[in-house]
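One structure is given below, encoded as structure tokens.
Chains here go by letter, A, B, C and D, matching the order in which they are written, and residues are numbered from 1 within each.
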């Protein structure tokens, strides 16, 4: 309907906000929310996220975007217009543990996750019943490292068929190849079951137990080709103690994973995240 | 030096950000940080805090403020220009318990509290040694409800003499009269030792113990003439359990009070708080 | 199987632990976990929860309980033996908002809630599909204050029919009469959508918004005949800010309510809670 | 006066609690607090901490300890009797940053740190004034890696002279040699300025900034000869965001370090910590 979002990145210099706000005003748009960040007071990079209201935006947006091109060129801007009413299309990959998938579906069903979940893919059959009960297509693609290539080919084909904008790894325990990741740069969100960079890789709860930490955590991040090294979107922790064995740590961890992944996905869907130098700028 | 802050409140309508940012740009100012809020998408009130950089601001600020008058009049703006280099002058009132005073002095000594602490007033002598050791004038004014009028007269006189901008009640246990409060509207910050609106009034830890709560808290707020009902700036809590008696609750509470009061004072000093309808808008 | 729990309350005096541990040892039981609390070092009341392992406990428990009677009499003990393998039978009451119900069902389905959910009763039909999908009987009993008596009569009949041990009010928005509450003393757990004692009664999120608090919370407590004044079992909070309207507060609040209620129910099921003087002693 | 603590570690088997509690009862001692842990239900190791009250304990403790020897031998117990009235003697090492030292002194002055701080040693002169103002001896020992041996010799000499029981590294930025550490096994508590095991070693805030984490933390641990790998006592975190540069992270971090170190030291002084297999068992 009448809401738009404009995200801009450009070299910082005086007058940028003036240019952008004057542009929006001249297109009868009222700024509802605006957040900005400059990486450095001198010669830094400037980032801004503006959410604006404009009556009849649907009819005007094409012209607005065209008019913006000259401004963008003049100030070396990278930018993106986004419209909440054009809901992003999400795919969820999951393995055996369903808690993150369930939380996403629950929030979605509730109306609190502003996306169309168009497909769920799993290397296990477990989740099929409740995914299909919600009317979402479920694809079972068995996977292991020997058949990785063909598995990913099929996954990529489905991503294309379902026109997926965002891929959510909701405790999907298979490694993705660089080729796959490159297909979806800055569009794959993973939940890692540790407080990164602690316990990168496999068995984080086992290793947290071994080390005797007093807090455990979870991290959601964009997936890059460095395992567990992608830009961090959100992290959270819970207190544990010496009595918590690995099974108990996993139970507690599931609660953290659920909420951390959902928050990250929501912020992505609201275009609140800009990735810069392997870090995220998060406009709350 | 070269940093300025502009806070504006006005009726919301398209173009305000454009007007403000164009004004700043035309005065060679670069917006470093900007946060805004509208109370309502339709016919709401608009609030904005802008932090800007301007070379040679000291010499230009007077003219800038004069130039702004017309803009403000045209858009029915209430506004304030603030300059970090003009440090606010703070007074601290304290009674027997020194932990909040100590925390403020500590942060101040550290360079983390951007104010001049010009006077400490207490109805007890306890704090004198370490206040004076820091070179801050300490005034002992014994107080009780029978001599309230003359006590406050003396306090008001000292506030004037020391040109106090901000009065911090760091566990000052005397009630202030409406007359006193009116002298310093929106310029008195108090720390209340409960999670307001729970346990308004006296003995909050005793009552928290009685009630068997599982979390205790503290609240910092601007003082108004409704006891403990002023605009809340910051709150925090800590977990407690059945083993914690009142003495233990007070110990835990002191840690909360210290950090909650310091945060509130910092935000006030950074002009991050706007009071509206007995609530605070907080631009982080 | 082989696990038992013994909860004891008695006048505090030297030797109680010795008596209890010697009793258990003499019945070939190994203490796995033990927590105690004394309300006062002098003439206080002593509370203890012991979890023990005993091979073949099923066959021996009757005799053990009989043997314990004399000890209990000698030391004026109130006590309870509980056996995890005798799972408690729970009923859930819910109105329109399903999030707390869903969280309970989810944890239960997961194997993380050690109870049999034997019946769900609601004054709305909304929850029927997913309750029945899990094979749990769902009873729709429309309710309003004019028919309270007959509604409660039907509810009490069902509680008896299903042999309910624990009644969980998962956002059930009808007031229960003293008569009903008396039927289930210390066996009804409610979730209140505020950080009690703040915002007792109706509309807590609306009132939290009005007051401008910076944290909102939820409280689970045993239901007594003083509205929202029963013994508090668990509380938690989340940070909010001026931008969060009532709808947003409710969304954030739902996350708090879910986890607070589930924690309280788990602790109850594990016999970790002793109620004393309208407060809870919680043995973690 | 009349309080004692008994810590025991032994092979787990039925009857241990009975033996201990009967022993205490027979010596007219009343158990005030008792916490236990078994590493494994079968063939595990049993740990218990008992706090007891005994009138005239001072006069009786020697005999009690002697009487306990046979029990300990019979059950292969390692054990320790501790008496709160025999206050431990603490030394604090500090480098340039005073915040952790200040917090310890503050809590100590307050009566909330149950130890005698007998000496402060620093490789900088900065802290001398406020340490000496409190009547605590301050020793300046310049340090760098070339003179490590002689520095440590002098430190060890002072530790002996002042009969130090506990050494607290309150942001002491020199590495200790294995020889030094061996002198004080399980008696050196360090504060590391990261959420271990993330960011082991130097520059944790710089590296946290680089990595773009959303929470930063601090960890207090016993010092062993594996750098930052000793048994963790306590950890905590605070939320940060993309706007926080390294200076800001350090400011936030200081608040975490202060409270984490103080908690760890308090628990040590209350004999609440047992070290086992490079982890801590913490009896709260």
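One rule holds in what follows: a contact is a pair of C-beta atoms (placed from the backbone, for glycine too) under 8 Å apart; a residue touches a chain by one contact, two chains touch by 3 or more.
On a predicted model such as this, the values are computed, not experimentally measured, just so you know.
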| item | value |
| --- | --- |
| Neighbouring chains shared between chain C and chain D, ordered by label | A, B |
| Shared interface numbering between chain D and chain A [over half = same, under half = different] | same |
| Far-end chain from chain A, centres as C-alpha averages | D |
| Between chain A and chain D, centroid-to-centroid distance (C-alpha), Å | 42 |
| Chain centre separation (chain A, chain C; CA means) in Å | 37 |
| Contacts with two or more other chains, residues of chain C listed in rising order | none |
| Chain contact topology (line, ring, star, complete or other) | complete |
| Footprint of chain A on chain C - complex, ascending | 99, 102, 106, 110, 112, 133, 251, 255, 259 |
| Contacting residues of chain A [partner chain D, same complex] | 37, 195-199, 211-215, 217, 231-237, 241-243, 278-282 |
| Touching residues on chain D, where the partner in the complex is chain C | 12-18, 21-22, 24-25, 28-36, 38, 41, 53 |
